[in-house]
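Note that chain A is present in both complexes that follow, paired respectively with chain B and with chain C.
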Partner chain A sequence: MDETSKIIKTVSSVMFPFVTIYGLYVILHGHLTPGGGFQGGAIVASGCALLVVAFGSDAIAKRVKESQLSLLESIGALGFISLAFVGIATTFFYNSLAGTKFLFGRIPPYGSNPGYLSSGGLLPLMNLAVGTKVIAGLFAIVLILAIATRKKGGRSK
Partner chain B sequence: MNSIITHSPALLIAIPLFAAFITPLLSRIHRRARDGFVLIVLAATELLALLLAQDIYANGIRKYVFGATLPSLTHPGTMSIPVRIIFEIDGLSIFMVLISLTIAFVATVYSSSFFKKEDGLDRYYTLLLLVTVGMVGMELTGDLFNFFVFLEITSIASCALIAFWVDRGESLEAAFKYIVISSIGALFVLMAIGFLYGQYDALNIAALANSIQFTFIDKVALVLLLAALTMKAGIAPMHMWLPDAYGEAPPSVTIAVVAATQASLYGVLRVCFTLYGKGLRLNMAAVGWTLVGLGLLTIFIGVTMALVQRSLTRTIAFAAVGEIGYMVIGAGTALAAGAQNFATVALKGGVFHIFNDVLDIGLLFLVAGAIIYATKERDLNNLGGLAKRMKYTTVFFLIGLLAVAGMPPLNGFASKILIYESTYQLNPIISIIAILSSILLLAIFVKIFYSLFLGPELPHLRDVKEVPKGMLVAMAILATLIIIFGLFPGYVLQTIVDPAVAALSNPTNYINAILGGA
Partner chain C sequence: MMFEVLQIVVPILTVAAAIVAVYFRDLLSATIALAAMSLLLSMEFYILQAPDVAIAEAGVGACLTTAILIFSIKATKRMEDEK
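Now for the complex of A and B:
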């Protein structure tokens, strides 16, 4: 397969920020709406996959190194476990931010309400950590698969 | 100190998990730093497990509620059933955790000098630590769905490890078989959990065990759980993945996978004796006889197939299949015997044999790995006369073979004699088959010992050298444990096996620890 057409490249470039923002929205609102770190991360990674398809794995691999992605992945995982350790004075995974005046500490009122972004304590932060890991992990998988299939003579037809 | 023990159930999972994701970062600095770090982490975790074990033997069952305001708060507010993820650790759990962590430590010591030039080693250590996390999690958790999650972590991480030598087609085939079996097994488990959850609105093992009614659906769920877990434990007729996985993975991975297999066996025990523990004295005899039958089949297939193999690792792998049969026979006899007093003896033998099997088979695999490392040969026909060149390895193989064959005074004898004794009272034929298979195993391994180590030196093996220190240390740890367990079986039985057996035979304690004696 040769270069993709200009139409594909342009549309992908236009779509990419929207997909990314939508994915980040799903990650950040994980404690309020369906979705969360994994789902949002998968959406962002699918945006990255779009770029890999449109511009070819070589062009992407020049900008993003696989080792950078795995570093990001480790940081995401470590962030998640560190956040679980935050509450270790009470119990592991204890949500010590909830109900404080600090970040994400708001307690939503009883009754039906749309919920508040600044509630949930550690949960949004954990969603962010999971999201980071999933974006990096899935993007790395897509990228490696793309590079590996190209090397094996994916160009022949 | 006290608070460390209080939080140790969580730390046993959290520390290896944290370390698993630090290792790729550390290996950017230096590979020695990474190896040392993994060793220190596993040693610290093992120490933590020992502290927790001491506490459990003194004060009984420990529980840990994740995310609660108190580690022991099982019923928050006005809840009538436990809702959070709860770790519940009794004698059996901690027994299995000690096995898993010991093996993980030995595997790390071994791999630090077994692998030299391979790339992808940072991921190797990450996966090894993840397998450890998965096994320990399966053994600690008191929540059925959480058990499933850890089962999956273990399967996926072990699958990737089995395929570590990606350039060998056999490794890939073995890993593929393993992941297929694991996924099918995991789906079975998930379906069974769904059945139970749909009926009793609970996922906590204690809560389920308390309210189980032995309806038709419960029995279907039991069959699904047992089918999946025995498949993952490598019990015939679902053992076909095991010789491939054991035989084609790097030896340090193999012993980790052996330990993971035992964690599935732990699942079998937990399901039969705790989850369905109410029927322990009533209607589990059929399940018991089924397990005995499967166990006999496993022993028979394992030993006869070991007889005809030409590859060293595959022979040991089939012997490992046979050994699993002994534990299943022990557990099955205990179920079939019901209230008769040899049930406890059978269970003791079965549970003790879990530890012994991991040590014996593990040692044999490590020796096989040492031979492959030194000679680059797997075929038994191309090996011979190694005793002069590899003195220590020869001694370790001798210890391993005697222990596997159940020769006194080594540990295999201590547990097998308990199994023979008790199964004889259930039905003499069972113990006769078990003893004969054990003798056959001895014959197989003596033959292998002769062809590997004795006899004239082969010309292409002239410049074989003894393996590096790390591998010898790893083998020495296992051999020492084998000898200690063999020389002082009474002490070992009393300290670590009896609490495990007591935990299995009194499911009410497990239930009351969570539900508060209600």
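Now for the complex of A and C:
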């Protein structure tokens, strides 16, 4: 497998923290600004795919195992479902924004985008769960594809 | 005025990038043209007041699809055979 050049490795190393921070920002502000769990997770997984393309699948597969990603994906799905059961006393997927002061239950003031971070009920936690699941799922797809195509690439050339 | 110009220019560039992606013989160049088409498409979504779809399109279409296609090209051949 041919190595990528030093320019690609350096630029990927510099870009990866910024891409990750931006993706986490999109996940955490999913209830205020455009975006949400899926969009931010896709951005973070794009940064991880950048690393896989730049450094090759061998270097990444030493650090991250597929079983860990599968575990993280299951944690995201279970977190989403168990957060949906929080409001089981009234309804499924109960929004604690309306009245009760349970977790982030503060009614936002009226106006165009008041911008309070802790004003979304359970939705930030649900966005975090969906983001975890999307990051793990998309990164596992890219990583498994890179590992699976590694052996045939050397043979056909 | 700015948005009217963009609403004319961006779809034309999108279609041009798609046509270029079809006519390339080098599949790596076609992949990059497809990523450019996806990025222009996300800009078009943003112009049409759908920033949510624009973020999803830019993340999935321009980044992850390109990575997957690059891995596929690495496993097979780079140049398209002419018959």
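The definition used in the following text is that the second predicted complex is superposed on the first by the 143 of 157 C-alpha atoms of A that agree within 3 Å, B and C clash if a C-alpha of one lies under 4 Å from a C-alpha of the other, contacts with A are read in each partner's own complex, and residues count from 1 in each chain.
Criterion: a residue touches a chain if its C-beta (ideal position, glycine included) is under 8 Å from a C-beta of that chain, and two chains touch if they have at least 3 such contacts.
Note that the coordinates shown come from a computational prediction; the quantities given were computed from them, not determined experimentally.
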{"item": "Which of chain B and chain C A:Lys6 touches, first, second, both or neither", "value": "neither"}
{"item": "Chain B versus chain C as contact partner of A:Lys62, first or second or both or neither", "value": "neither"}
{"item": "Touched partner set for A:Ser70, first chain B, second chain C, both or neither", "value": "first"}
{"item": "First (chain B), second (chain C), both or neither touched by A:Val52", "value": "second"}
{"item": "Which of chain B and chain C A:Ile81 touches, first, second, both or neither", "value": "first"}
{"item": "Partner chain in contact with A:Ile43 - chain B first, chain C second, else both or neither", "value": "second"}
{"item": "When both partners are placed on the shared chain, which of chain B and chain C touches more of chain A", "value": "C"}
{"item": "Of all residues in chain B, those that touch chain A in their complex", "value": "7, 10-11, 14, 17-18, 20-22, 24-25, 64-71"}
{"item": "Partner chain C, residues of chain A touching it in the complex", "value": "26, 34-36, 38-39, 42-43, 45-46, 49-50, 52-53, 138, 141-142, 145-146, 149, 152-153, 156"}
{"item": "Residue numbers on chain A that touch chain B, as the complex places them", "value": "70-71, 74, 77-78, 81-82, 84-85, 87-88, 90-95"}
{"item": "Chain A-touching residues of chain C, taken from the complex the two chains share", "value": "51-52, 54-56, 59-60, 63-64, 67-68, 70-72, 74-77"}
